[in-house]
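Remarks on the structure that follows.
Chain IDs A, B and C follow the sequence of writing; residue 1 opens each chain.
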Amino acid sequence: MTIAASSREKARRDWGGRLVILIPALWLTVFFLVPCLIVLKISLSQTMIAQPPYVPVLDLAAGWPGIKDFITRLSFDNYKILGSDWLYLASYLRSLAIATLSTFILLLIGYPIAYGIARAPRRLQPVLVMAVFLPFVTAFLIRIYAWINILQREGLLNDALLALGIVREPVVWLATDTAIVLGIVYSYLPFMVLPLYASLEKMDESLLEAAADLGAPRWKAFWLITVPLSASGIFAGVLLCFIPIAGEFVIPDLLGGSDALMIGQTLWTEFFQNKDWPVASAVAIALLVILLAPILIYQHLQMRAVEDR
Amino acid sequence: MRKASLFNVTSVALGLAFLYLPIAILVIYSFNASRLVTIWGGWSTRWYVALWHDQAMLDAAWTSLRIAAISATAASVLGTLAAVVLVRAGRFCGRTMFSGLVYAPLVMPEVIIGLSLLLLFVALDLDRGFWTVAIAHTTLTLSFVTVVVQSRLLTFDRSLEEAAMDLGCPPLKTFLTITLPLIFPAIAAGWMLAFTLSFDDLVIASFSTGPGATTLPMRIYSEVRLGVKPEINAICTIMIAVVAVGVVAATLASKRSARAL
Amino acid sequence: MVEGNPDGQAARPLVRFEAVSKRFGNIVAIERLSLDIFEREFFALLGPSGCGKTTLLRMLAGFEQPSEGRILLDGADISGLPPHRRPVNMMFQSYALFPHLTVEGNIAFGLKQDGMPKAEIAARVREMLTLVRLEGFGIRKPHQLSGGQRQRVALARALAKRPRVLLLDEPLSALDRKLREDTRFELMELQENLGLTFVIVTHDQEEAMTLADRIGVMNGGQLAQVATPSDIYERPNSRWVADFIGDVNLIEGRVVSSTPGQTIIENAAAGRLRVAQATDAVVGANIAVALRPEKIQLDTTAPRPSDENCFAGRVTEIGYLGGVSIFKVKLDNGLDMKARVANRRRLTEQLIGTGDRVWLSFLPDAGVVLPQ
């Protein structure tokens, strides 16, 4: 094999490599990045009864003056609306509050479960992980709907409470914040348990034995050794839950009331009911900006996880 | 020796009970002869019969199945490519950007993804319907496939690839005949995850669909808003059964091939 | 330094490293290393971890590219060739058997890449299985084999293509002691009978000494010495090599007289040493003498004559190893020395105990003068 032939082969390999990178990169750019930019652009537009229902529309055929005209007609009006109307601000704050509370409860409930699975006999662990994962796989919508069965006024929970004599009348569970948080915790539990389990499972048992040998009681060993070592799992689980929960739509829509909306619902309403695309876009961009810090942290963690290996 | 304390066992048991209780109730009530949840009317399959005659529901189910299969396959191909890039390509110009694009959909609220894709389709003047939903679902589930395949690639023993090359196999052929077959279980798991996410999705489908392409979740959602309907319990039970059987079968199959590996 | 052919012939080397360097970022793994390996040689690369021996092996296989220098195989520059085009095969430390292929499939893999006809492949595979004594195991999969059996499959797979050079990366490290010793002899026989060139990387001195025709001792990315096992042991070319291989006593001193065939060194504290070896050092220069423990004679009374090559001291420690005993002696002048004595008689008690006064003596040709 000559040097020339092998360098030709190397060149072919390089181009092959670039192609492998390009294919997914192109897909994601077109179907993820560009749409986000479009949302940004539309958030700066005004609504109009037209198809598409907003102006200005970028007409590249109009050339440079067309572009200039387009830019001058962009405005931050929609953001001003968001900032001034208490309804929107309340919606954002409410979403963040519910997301924080839910994530906290998820961590509280999810950690013992993940820890329990990690301590189970090795052969049983994959089965348990599958068992936690299976509900997630069986249709999100269905499971939320299932809670309606339970929580409605004539539902099972009230039946049980009445039968046990804990309450004397049916309690209103649906259309409350409690129902929303319950639904969220129920749906996102696998998202918290699985990353926690992944990092707990890797932990070396002998570290706890060493701690005990050095005089630390079990609870202390837990706080000083187990928890810090599972930090990466905690971060991943928290971020994996908090960020999507903040923008959640289905759960508050089905289980919550109509008086106070989460931001996902606001966006949906603006878009589908008010047909106000620009404002909906502005809502989306504002949400993205709020969530930007956690999203970037998550990216950073993911990249570090790959590089560490 | 791993010793699980009573607390550990209880937490796992309670956790699983919490997760499965609503599902169990759903399944049981799909056989409830009575319409109302509070009254048990005896065992009956009338709702399944009613379902069989509900053409709209069946159409929606068929649409969802097709979209899920197509988008899962596309997502598996793209996701595996992306995983290979992230694990093997080392540092290249634009790596941070690439990573960002791949991992972002994992945490992005679905309403944002849905809205942005719809706006794209409008800007491109694309007719919205079956294919736009498929594209949208592919984009959403691609990242999940990447995470699953990437985790397998990271633990893959590279000396197997070196041995193959040492014996005369060129790099591309090595990847196709040695690496790919051995990471296949992960790709299959990714496919199943993508299928489920697509089959299950309401928000993104609602944004990116058009006339004539109603997915099952969309259909169920519109029915649910009108109140509890027993046929829904029936279709849900069927969905759960199908998925559960599929997952269990896949796990058994992968266990057998894993033992051989 | 390019070392010559052990048979003294001016033969062309099969493998030649020409001033090869390898850098990983800022770390220099190998520095301007030149080495010749000859045909039908069993060559060992020996050294502590991190010395670069595995990197050198991988460069020969093609998995790493030299940052500088060339690698020649049979006179042709293979530095730019990718691994799948080199007539060199490697047996991996972890065996790297393909889990989804049978034993036959693994062995046939390389032959299939070359497009060999099916009948020939089948014949060659049978030949290989017989060679490594695994007839009948062909249809098994790697996970159904024991560690020793997997190792033999890895060997068969690497030999199937009849490579010009076979590389072995710590091939025996995963085996237990008894199996390791048996396999060593098998490897030696195989190499002799097949007439192949083997290059082995190991950190186990005993292994290198047993297996190799020549050893290349590496340290910090460079070759410290390349010679036959006996030369390396009896005639180390530096303090580091003397210390690295086996046990050694290093005695510093000043050259008192230097004649062709003999050097006399005086250590102010220890006494006079006569070494039957010439040295380049001038009279008055500081020099070191390496003395292997087994070449020292231990006596409980002063031998005659006792003015040179004889030191007195007290026993501080005795290490009983079954076949031999290692005596640690503190000389009267404070120097510590080790002597290794075969336990020729079965005794319930040692004749010499700790605290006893002993005399250490040795012959003039027992010591080696080390260059500075």
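One rule holds for everything that comes next: a residue touches a chain if its C-beta (ideal position, glycine included) is under 8 Å from a C-beta of that chain, and two chains touch if they have at least 3 such contacts.
Because the structure is a prediction, the values reported are computed rather than measured.
Peer 1: Please state which pair of chains has more C-beta contact pairs than any other pair.
Peer 2: A-B
Peer 1: Where the centre means the average of the CA atoms, what chain is farthest from chain A?
Peer 2: Computed centres place C farthest from chain A.
Peer 1: Go ahead and note the Å separation of the Cα centroids belonging to chain B and chain C.
Peer 2: Whole-Å distance between the two chain centres: 56.
Peer 1: At what distance in angstrom does the C-alpha mean of chain B lie from that of chain A?
Peer 2: 16
Peer 1: Measuring centre to centre with CA averages, how many angstrom lie between chain A and chain C?
Peer 2: Chain centroid spacing, chain A to chain C, equals 59 Å.
Peer 1: Can you tell me which residues of chain A touch two or more of the remaining chains?
Peer 2: As it turns out, chain A has no residue touching two or more other chains.
Peer 1: Could you pull out the residues of chain C that touch at least 2 other chains?
Peer 2: Residues 82, 85 of chain C touch two or more partner chains.
Peer 1: If you look at chain B, which of its residues touch at least two other chains?
Peer 2: 171
Peer 1: If we count contacts the way the header does, which residues on chain A are in touch with chain B in the complex?
Peer 2: 13, 16-17, 20-21, 23-25, 27-36, 38-39, 42, 52, 109, 112-113, 115-117, 119-122, 126, 128, 130-132, 134-143, 145-150, 152, 154-156, 159, 186, 189, 193, 205, 239-240, 243-244, 246-250, 254, 264, 267-268, 271-272, 277, 280-281, 284, 287-288, 291, 294-295, 298-299, 302-303, 306, 309
Peer 1: Touching residues of chain B toward chain A in the complex: what are they?
Peer 2: Those in contact with chain A are residues 2-5, 7-12, 15-16, 18-23, 25-26, 29, 36-38, 78-79, 81-82, 84-87, 89, 92, 94, 96, 98-113, 115-117, 119-120, 122-123, 135-136, 138-139, 142, 150, 154, 171-172, 192-193, 196, 199-200, 202-203, 206-207, 217, 220-221, 224-225, 228, 232-233, 236, 239-240, 243-244, 247, 251.
Peer 1: What does chain C use to touch chain B in their complex?
Peer 2: Within the complex, chain C touches chain B at residues 61-63, 82-85, 88-90, 92-94, 96-100, 109-110, 113-114, 141, 143, 157-158, 161.
Peer 1: Under the touch definition given earlier, write down the residues of chain B that touch chain C in their complex.
Peer 2: Against chain C, the touching part of chain B is residues 157, 159-160, 162-171, 173-174, 178, 181-182, 259-261.
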